[in-house]
Amino acid sequence: MATYSLLVTANPYSSQGQLSAIQFAKTLLEQGHELMRVFFYADGVLVASRLHAPPADEINLTKAWAKLAIEKDIELIACVTAANKRGIVNVAEAERNALTGNNLDPAFEISGLGQLTEAMLNSDRLITFG
Amino acid sequence: MKSLYIINQPQKLNQALPFISEQDGILLIEDAVVVATYGSVQANHQTLYVLVEDLIARGLKDKVGVEQWNLVDYPQFVELTLQYDKSVSWL
Amino acid sequence: MNKSICIVFNKTPYGSQAGRELLDIALMAAAFDMPITALFVEQGVYQLLKGQEPDILDIKNHSATFKALPLYGIEDILVEEDALQKFNLNVQELVEIDGLKTISSSHAQSLLANSDFILTL
Amino acid sequence: MATYSLLVTANPYSSQGQLSAIQFAKTLLEQGHELMRVFFYADGVLVASRLHAPPADEINLTKAWAKLAIEKDIELIACVTAANKRGIVNVAEAERNALTGNNLDPAFEISGLGQLTEAMLNSDRLITFG
Amino acid sequence: MKSLYIINQPQKLNQALPFISEQDGILLIEDAVVVATYGSVQANHQTLYVLVEDLIARGLKDKVGVEQWNLVDYPQFVELTLQYDKSVSWL
Amino acid sequence: MNKSICIVFNKTPYGSQAGRELLDIALMAAAFDMPITALFVEQGVYQLLKGQEPDILDIKNHSATFKALPLYGIEDILVEEDALQKFNLNVQELVEIDGLKTISSSHAQSLLANSDFILTL
């Protein structure tokens, strides 16, 4: 059994990469492998907002990631620089930047790029979905 | 080391090809799967795979040139990432 | 005479939302009684392929909506011949839409020249 | 003098289109033309969030649009369907969708696609930045 | 009607060309400006423009083939959109 | 021996953030003492062009950071020869970076084959 980490840079709205990443994550877990961490970078961080309201008959990607994270105890980490630039902020970052509100979904964490490097060094495989 | 190159946009295959070694594998996913349904690829001995779920989504499953392309599903996609030493998403 | 609009589909589904979001524009413009042409070129011809099953990937299938275009008064539905040929497709493999026609690139050229607005996404 | 409207579909983070649109808008106004409306669609709606915190030495596109809108009295309208799907919501849409928070910048308005069609019919020129 | 085709990605120019009429204009902006600095375009009598601000941003202003390309700045870009009957952004 | 990483720049500035955001990854990986190669291919060679002035468009100029790569311990900075030729560029037109070398596509192939990780954006 192998340990995976995923790097997700795909725009959740105008590309298919987030869906592919979720499907890949589910499949590797079904096969008994371990998923250590999903690191969101570039436009990938946009999925970490809790304010999405897609049409009722369409998938909510944020909730799909959150479900996976809760059921399988997986770390979902969004890069702080990429996130702040793209309007994804938690309570602390909102205060630090004097913003009126915050939108990070509770299933996600904001952290630094070091978490990606660490995932590379401590996983057997890193797969990127862009 | 043997690498699995993952391609997700049609125009990226030709851009990536000069950098892919003979012993590597190439897997088409997402919009790139259309490439497996027309013409032929100037591959240089690499093993060629295409993701069947993405073909079905687009109504293209029966149009793949199967003499050149190996159809794989998500469980096989995961297996490929272990069979090859590393995976490279050429974005 | 209202201004005319040509909506150009040039991307494969489902790697982007372009097809879906252009359709929404077409339906809205139809409600405003603008004369509308839906033109499918390059990889956009894949939008019309029969037998799409994106639901297996949890993606909503919008290809059925193309069939409904005539109901909204959109009757000029044109497909680039060269693209079909290049991608090894034929008209029988496309969803059946009343009035769907194939056109040459040069015909597409003059169609575009004569439209008041042209939108791609 | 002519009346323009702009259709902005460009991703504010991974493409240059929003900047080009702002530059084009400023230039046409300097030349004495009128800018009736800027309609944001597809990934273009992402710029309408007030929660952006770009690095201090980089442009804040949301504020750049807002400044233009206030100084020159220009309508900035984000398509409601595109916006809700992409996590851009005002107070009313947040309530309607039972979301805990909202993030629409006050310089922007949420409305329907009809506002785009109307802009096409009532402007001399529509220019798209994608 | 004469149209101004606005191209903002290098690979889009060749994709758009078959649909552009002889009397039309083509304007390169953003990443597409690189195309004006190498080779030549198989244009069919269309007038060719390239946005100078985007060239300067990329350090490419002195590399444009000026016999084929007309350099325009933003004020001229606005004027072009009036000089042509409509503008088409080929995305 | 730490795992090695090859970071592949293949897009023009400033139409996307790819160059900028890949640089950030390179600098972070350097802090973890991973052996790093920065490889510029296809349109990515434009990242290194001298005389960029994106500030005239209110865009931050990140090209100076490439010069600083050796200070972060990143000394393998390689540029695809074929791309330079194709785009009518030469090495003298690139920013001066200690140790910058041009390589052939086949050399790039074996470099990629021997890296533990390869990242593009």
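Order as written gives the chain letters A, B, C, D, E and F; numbering starts at 1 within each chain.
The working rule: contacts are C-beta pairs under 8 Å (C-beta built on N, C-alpha and C of every residue); 3 or more make two chains touch, one makes a residue touch a chain.
Since the structure is predicted, the reported quantities are computational estimates derived from the model, not experimental observations.
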item: Where chain B and chain D overlap in contact partners, by chain label; value: A, C, F
item: Interchain contact steps from chain B to chain F (minimum; 1 if touching); value: 1
item: Interface numbering overlap (same over half, different under half) for chain A and chain D; value: same
item: Between chain F and chain C, distance of the C-alpha-averaged centres to the nearest whole Å; value: 40
item: Mean-CA-position distance for chain F and chain A (Å); value: 26
item: Multi-chain contact sites of chain F, meaning residues that touch two or more partners; value: 14-18, 57, 59, 117, 120-121
item: Where chain D touches two or more other chains at once, by residue number; value: 9, 13-16, 23, 42, 55, 58, 81, 126, 128, 130
item: Contacts with 2+ other chains: residues of chain E; value: 8, 30-31, 53, 86, 89, 91
item: Chain-to-chain touches, reported pairwise for every pair that qualifies; value: A-B, A-C, A-D, A-F, B-C, B-F, C-D, C-E, D-E, D-F, E-F
item: Residue numbers on chain E that touch chain F, as the complex places them; value: 8-10, 30-31, 34, 37-39, 53-54, 56-60, 63
item: Parts of chain F lying in touch with chain A, wherever the complex brings them together; value: 2-3, 5, 17-18, 21, 24-25, 28-29, 31-32, 34, 117, 119-121
item: Residue ranges of chain C touching chain B (in the complex, touch as defined); value: 11-16, 43, 46, 49-54, 56-57, 59, 86-88
item: Touching residues on chain C, where the partner in the complex is chain A; value: 14-18, 57-60
item: Touching residues (chain side chain A, partner chain B) in the complex; value: 2, 4, 9, 15-17, 20, 23-24, 27-28, 30-31, 33, 124-130
